[in-house]
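Structure in C-alpha cells, see below.
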Amino acid sequence: MTHSIAILGASGYTGAELIRIIATHPQLRIAALSADRKAGQEMSDVYPHLRHLDLPRLCTIDEIDFDKIELCFVALPHGLSQALVRDLPRHVKVVDLGADFRLRDPAAYEKWYGAPHAAPELQKEAVYGLTEFYRDQIRTARLVAGTGCNAATVQYALRPLIERRLIDLDDIICDLKNGISGAGRAAKEAMLFTERASDVLGYSQGGKHRHLGEFDQEFSAIAGRKVEIIFTPHLVPMSRGILASCYVKGDAHAIHSALAERYADEPFIRVLPFGKAPGTGGVLGSNFCDIGVVGDRKPGRAMVVAALDNLNKGSSGQAVQNANLMLGLPETSGLMLSPVFP
Amino acid sequence: MTHSIAILGASGYTGAELIRIIATHPQLRIAALSADRKAGQEMSDVYPHLRHLDLPRLCTIDEIDFDKIELCFVALPHGLSQALVRDLPRHVKVVDLGADFRLRDPAAYEKWYGAPHAAPELQKEAVYGLTEFYRDQIRTARLVAGTGCNAATVQYALRPLIERRLIDLDDIICDLKNGISGAGRAAKEAMLFTERASDVLGYSQGGKHRHLGEFDQEFSAIAGRKVEIIFTPHLVPMSRGILASCYVKGDAHAIHSALAERYADEPFIRVLPFGKAPGTGGVLGSNFCDIGVVGDRKPGRAMVVAALDNLNKGSSGQAVQNANLMLGLPETSGLMLSPVFP
Amino acid sequence: MTHSIAILGASGYTGAELIRIIATHPQLRIAALSADRKAGQEMSDVYPHLRHLDLPRLCTIDEIDFDKIELCFVALPHGLSQALVRDLPRHVKVVDLGADFRLRDPAAYEKWYGAPHAAPELQKEAVYGLTEFYRDQIRTARLVAGTGCNAATVQYALRPLIERRLIDLDDIICDLKNGISGAGRAAKEAMLFTERASDVLGYSQGGKHRHLGEFDQEFSAIAGRKVEIIFTPHLVPMSRGILASCYVKGDAHAIHSALAERYADEPFIRVLPFGKAPGTGGVLGSNFCDIGVVGDRKPGRAMVVAALDNLNKGSSGQAVQNANLMLGLPETSGLMLSPVFP
Amino acid sequence: MTHSIAILGASGYTGAELIRIIATHPQLRIAALSADRKAGQEMSDVYPHLRHLDLPRLCTIDEIDFDKIELCFVALPHGLSQALVRDLPRHVKVVDLGADFRLRDPAAYEKWYGAPHAAPELQKEAVYGLTEFYRDQIRTARLVAGTGCNAATVQYALRPLIERRLIDLDDIICDLKNGISGAGRAAKEAMLFTERASDVLGYSQGGKHRHLGEFDQEFSAIAGRKVEIIFTPHLVPMSRGILASCYVKGDAHAIHSALAERYADEPFIRVLPFGKAPGTGGVLGSNFCDIGVVGDRKPGRAMVVAALDNLNKGSSGQAVQNANLMLGLPETSGLMLSPVFP
C-alpha cells in the first residue's frame, strides 16, 4: 500500500533531495509539489537531474487538494511554516524540515529568530525530529520538527555522552566544517563558486548561530541542568557534508564504548573503531552518520568526530526516516542507499 | 531468486561503484570480492563509505570457489583479463569492464594496446557491451566487453546519426570534458588534487587515445565504410562525469528527431528538447545518459552533446545493465537510482 | 614619474584584479576608485584580500576630480560605458574593459547587443585592445577597447593562421572551457558554488555568444573576406582560466612554425614545443598566454590550444599592458608576475 | 647588487614557490637548482607555469659550485638536510624549509622524528625562522630553520597571548583546516583529486602531529613552563591555505588589543577589526597572515583565527623574508605581492 505525500517548497535543495529519495521509496507516492514562485513549471526545468521522473507540475499551495494527502513535507524558509502548518487540515501529518518548530519554548524561539511565534500551541505539540532519540514520540506524532543539520551532527556525537555524564558539560567545543549546500539555492554573492572555491571561512561565530537554540534546549534537557556549548561552523569548498570535530574532556575509551553501545543497533549510525575518525567523503548522498573517537596525548581529553550529509541525514533523509515511523512503515524504507564515492 | 556474483578487481573505483549499485539490487548477491594486492583486507578499510554493508573479505582470485558463482564482473587493468577470463570455468558468465575484449580484430587490438592478444578466440566470442545497441546479443552472451567510458558517451550521441547517414562522416569532431575518476585510483603525480584542482588539460591528443580503436570499429561497421572521428578528451576539476561536445555537419532538427525517436523507449537515455544541451551535473551517480542537440548560426552545422557518469553508465552501471540481460532479469533492475545533485 | 589612474567600476572581479596588478606597478598610482552602489565603503570591506593596501575609499564617478587623472580604467557592465566615456574630459585616456567599444560597426553592435550605440563616433575612434596585434595604434590611442576574454584566447591561437591563410577559413571549430569568474561577481543562482562544483555545461551555444561579433569583425578584416567560426564556451569548475581547443584544417607543422615565429619576440605569449598542449593551470594569476599545436592521425587536421587567465591576460592584465603603451611606459611594466601554481 | 642563491630540492611545491617569488625579487638571482631524481631536466618541464623564466637546468647537488653561492634554500624532505647542511662550505648561508633544524633539543627531535639527529651541533646553531619573533637572531644567523606551516599559523595567533599570559595555558584547542599542497607533490593515493575533492578529514589526530614538537618548544619557552596545546589539522578540498581556529579562555577584547598592538608595525600580519575572522581566500599566493578575534556568548571565551598560505607565508615566503634579513636586504623585498582572488 502506498501513501500519498506532498512536498511544500519543493524547489529548494532539500525538496530535490526528498524527491530523489522518495523516487525509489517503495511505499511513498508524490501527489503534489508546491513552489509558489515557480508554480506552473515542470520539476525537470528546475532540477534537470530529475527529468526521468514522472512528477506532478509545481503548483501553489492553494492548488493542492489535501483530502488526498496523508503526509506533508514542508521545506520552506523559517517563518513561513508556522501559519501554514497551523491551517492545514488535521488529518494531514507534517514533517517540517525548517526551523519553525524545533524550539519548544516560545521565548527561546523569539530570542533566536527575532520574532514571536505565530503558532505557539503547535510548538508544544511538535516532536523534535532526531529520530534515534525521539523514535517513540515520532511514531505517534502529527507534527515532527526536523532538526538543524548542524544540530543533528553534533547531537549524534554528544547526546549519549551528556546523558551519561561522561564529559565535562562546561567545556564542550564543536568546530564544524560545512558544505555549501547548507546555504540553500538562493542567489547570494557570498555563495558564488568564485567566492567559495578556495576559501575556508567561519560564520555566525561567537555564539550567534541559531542552531545553538536547539543545542541549549536538548542538551540542557538531558543533562538536567543548563548546558551551553561553544559551536562554530565553517564553510569549506564542497557541496555537501558536515564534519563536526568535538573537543571534550573525558575518558576517550569510555566515550567510545558509550557511543558504540548506544548505536549498536541503529541502522544509520556507523561507529568506527577506536582511534579512527571519519571524513565527510564516506557519507555523501546517504542517510548514514559516521562517528569516531580519538584520544589525545593529554590525558582526559578526547575528540569525537561525526560526519553526515547535511541534505540527507541532516535534513531530507531524516525527514523520510521520520515519515516512515509516522506512517507505520519500516524505518529504513527507501533509505538504504549507499554513499556515493568518489 | 538471487544470483551469486563475484567482482574481480574490487578495489578500484569501478569495483566500489559496482558494490554500491549491487547493494540495493534485488536479485544480485555478492559472493566474492578479489583484489590481489589487498587480499585479506576488509572492504570497509579500502572504501569506508561502504562500511555499512556485510561484504566478503577481499581475497585472491585463486581463493574463489567459482562453482558457486554465476557471473563475474572483471574490473582489472587491461592486459590482465585475457588469460584470466580464458581460464574461468565455462559456466561462469563474464562482464569485463576493462579494454581487453572491446576490439574484435586481433590486429586492431595489437595496434592500440601494443601487444598481441592472449585469447583471440574470446575476442571473437565477446559481445560489445553498449547495451542499447547490442541488447539481443548480450542476452545470450557468455562474455560481454564493457565499452570505454568515452566510447559510450560519444556513441550514444552519434550512432543513430551515422547509421542513418544524417551527418558528414568525414568531419566529426568530439571534444570531451572528463572527470578525474576516469584515471582510476592509482597514485600518480598528475592526478593529485593539487595538480588537477585549477587545471583543464587535454590528454592523448592527436588521435592517440585507445578509445579510438572502439570508435573506428563501431562507426565503420555501422556505416559500412571507414569512419575516423577526431576525438580529444580533457581533464576538468571534478570527480565524475563526461561531457561530449560533438561538432557535426548535418541538419540540426533532423538530428534531434532521429535521436529522440531512437531513444524514445530507452529507460536510461534522456533526450532533451531541441536547442537544450545537458551538463554533467544532471547525471552523477546514475545510469542515465543525457543528450541534447543545438543548431548553429551556420546552416548545416550542429552540436550533439552527451553527458553521463563515467563510473556508472560509462562503466559499472552499464555492466549491471548487461548482467541483468545475461541473467534474464529486468534490464533496469537495481539501476533506477536518481542522479545526486548538488 | 608616476601616472595617476582611476578605476571606474572597481568592485567587480576585473576591478580587483586591476588593483592587484597596479599595487606592484612601479609607475602607476591609484588616485580614485568608483563603485556607485558601494560608494563610501572601504575596498578592504569589499575585497578583504586587498586590505594591506592604502587605497582611496570607493566613491561615485561624480566625486572624481578628473583633472588629476591621466588614465581611466573603465570596468563597467556593457551599455554603461558609452555615454560615460563620451562625457569624460578629453585629456583623460581610457582603457575600457567592457564590450562597448569592441565593435567598430554600429550595426554590428546593435545586432549583438540589442540596442543602438550611444556614442557611435567613439566606436570609430576606439582601438581594439589586442595588444600584440594593435600595438602601434594603441600607443597613440585615447580610447582602447579591451577585448572579450574568449575573443582574446581564440585570436591568439588563430590570427596568425588566418592572416597567412594556413587554415581552411570555413571550418574552424573552437571549443572553450571557462572558469566561473568570467560571469562576474553578480549573485546568480546558476553561478552558486553548489550549481557549478560538479558540472560542465555549455552556454550561449549555437552561434549566440556576443564574442562572435568580435571574431567576425577581426577575422573577416584580416582575411579580407567573411569568416565565421563555430565557437562554444563551457563552464567548468574552476575560478579562473580559459582553455580554447581550436580544431582546424591545415598542416600542423606549418601552423606551429607560424605561431612560433609570430610570437618569438612577444613577452607574454609562450608557444610550446610542437605536439604539446597547455593547460589553464600554468597561466593563472599572470598575463601569459600559452599556445600549443598538436597534429592528428587524420592528415591535414590540427588542434591549436590556447590558455590564459580570463581576469588577467583576458582582461585586467591586457588593460594594464595597453595602458603602459598609451602612457609611454615599458610594455611589460608591472606585468611580469609569474603564474601561481598549484 | 644581487645575491646568488641556490635552491636544493627545487622540484617540490615549495621549490616552485621560491622560484616564483624570487623571479621578481630585485636583489636575488637563482644560480643553481638541484633535484636529484630530476637532474638534467628543464624546470619548464617540471613546472610549465615557470616556462617564461630563464632558469638553470636542474642538477644534482654535487654539480653545484658553492663558491659562487651566497645562500642556499634547502627544500628537502626531513632527514636529508642534516648531513647535507653540515657538509656545506661555511661561507654559505642556509635557509632550511624542512623540519631538520626546527627543534633545538636532540631528544625532542628523536622523539618526534623517530631517529637521532645527524648534526646535533647544528641543531643548536640554527635559529628558528618565525621572522616576526626571531628577527634579530635571524639577521646574524648562518642557518635558519623554517617553521612548520601549521606551526607558523598557530604561533601568529597565540604567541603574544602566551607571552603576556592573556589566556589559560592549559586549555588551548587549535582546529586547523589545511589545503592539500601541504602534503607535497609525491604521488599518494590519499592525495588524489578524487579522494580529496569532496572530503574533509582530520589527520595526525590525538596529539601525534610532528608540529607539536615545535609548539611545545616555543610555547613552553616563552611561558617559562610546560605548555601543551591540543592541535588537529584537517584536509579540506583546496590547494593552498591554512585556517587555524584557536579556542582559548581569556578576555576577547584584551586578546584583540594585544594582537593588534603586537603586530601594528609588522608588514605581513594583518589584524582585522574586533569581531571579524579571516578566511583563507584572502591570503592565497601572498606572504600575508590575517588574524581575527571573536568573542563568545560564554564569557571568558574567545576564538583567535589565523589564515595564511602554507606554501608562501607558511614556507617559501617566510624563507625569502628570512633570507632578506640574513643578506642585509629590506625585509619586504620581493614579498609585497598581493593575494590572488578569486
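Some observations on this one:
By written order: A, B, C and D. Residues from 1 in each chain.
As a working rule, a residue touches a chain if its C-beta (ideal position, glycine included) is under 8 Å from a C-beta of that chain, and two chains touch if they have at least 3 such contacts.
Quick caveat: nothing in here was measured; it's all calculated off a predicted structure.
Of the two interfaces, B-D and A-B, the higher number of touching C-beta pairs belongs to A-B. Of all chains, the one whose mean C-alpha position sits at the greatest distance from that of subunit D is B.
For the pair subunit A and subunit B, the distance between C-alpha centroids works out to 36 Å. Rounded to a whole number, the gap between the C-alpha centres of subunit A and subunit D is 39 angstrom. One inter-chain figure worth recording: subunit B and subunit D are separated by 45 Å, centre to centre, where each centre is the mean of the chain's CA atoms.
Shared interface positions of subunit A, defined as residues touching 2 or more other chains, are 13, 181, 194-195, 197-198, 237-240, 278-279, 281-282, 284, 341-342. Subunit A meets subunit B in the complex at residues 13, 16, 19-20, 23-24, 47-53, 181, 239-240, 267, 270, 272, 278-279, 281-286, 288, 290, 336-342. Taken in their complex, subunit A has these residues touching subunit C: 13, 180-181, 183, 185-189, 191-198, 237-239.
For subunit A in complex with subunit D, the residues that touch the partner chain are 171, 173, 175, 177, 194-195, 197-202, 205-208, 212, 228, 230, 232, 234, 236-241, 243, 245, 247, 275, 277-282, 284, 294-298, 301, 303, 305, 307, 341-342.
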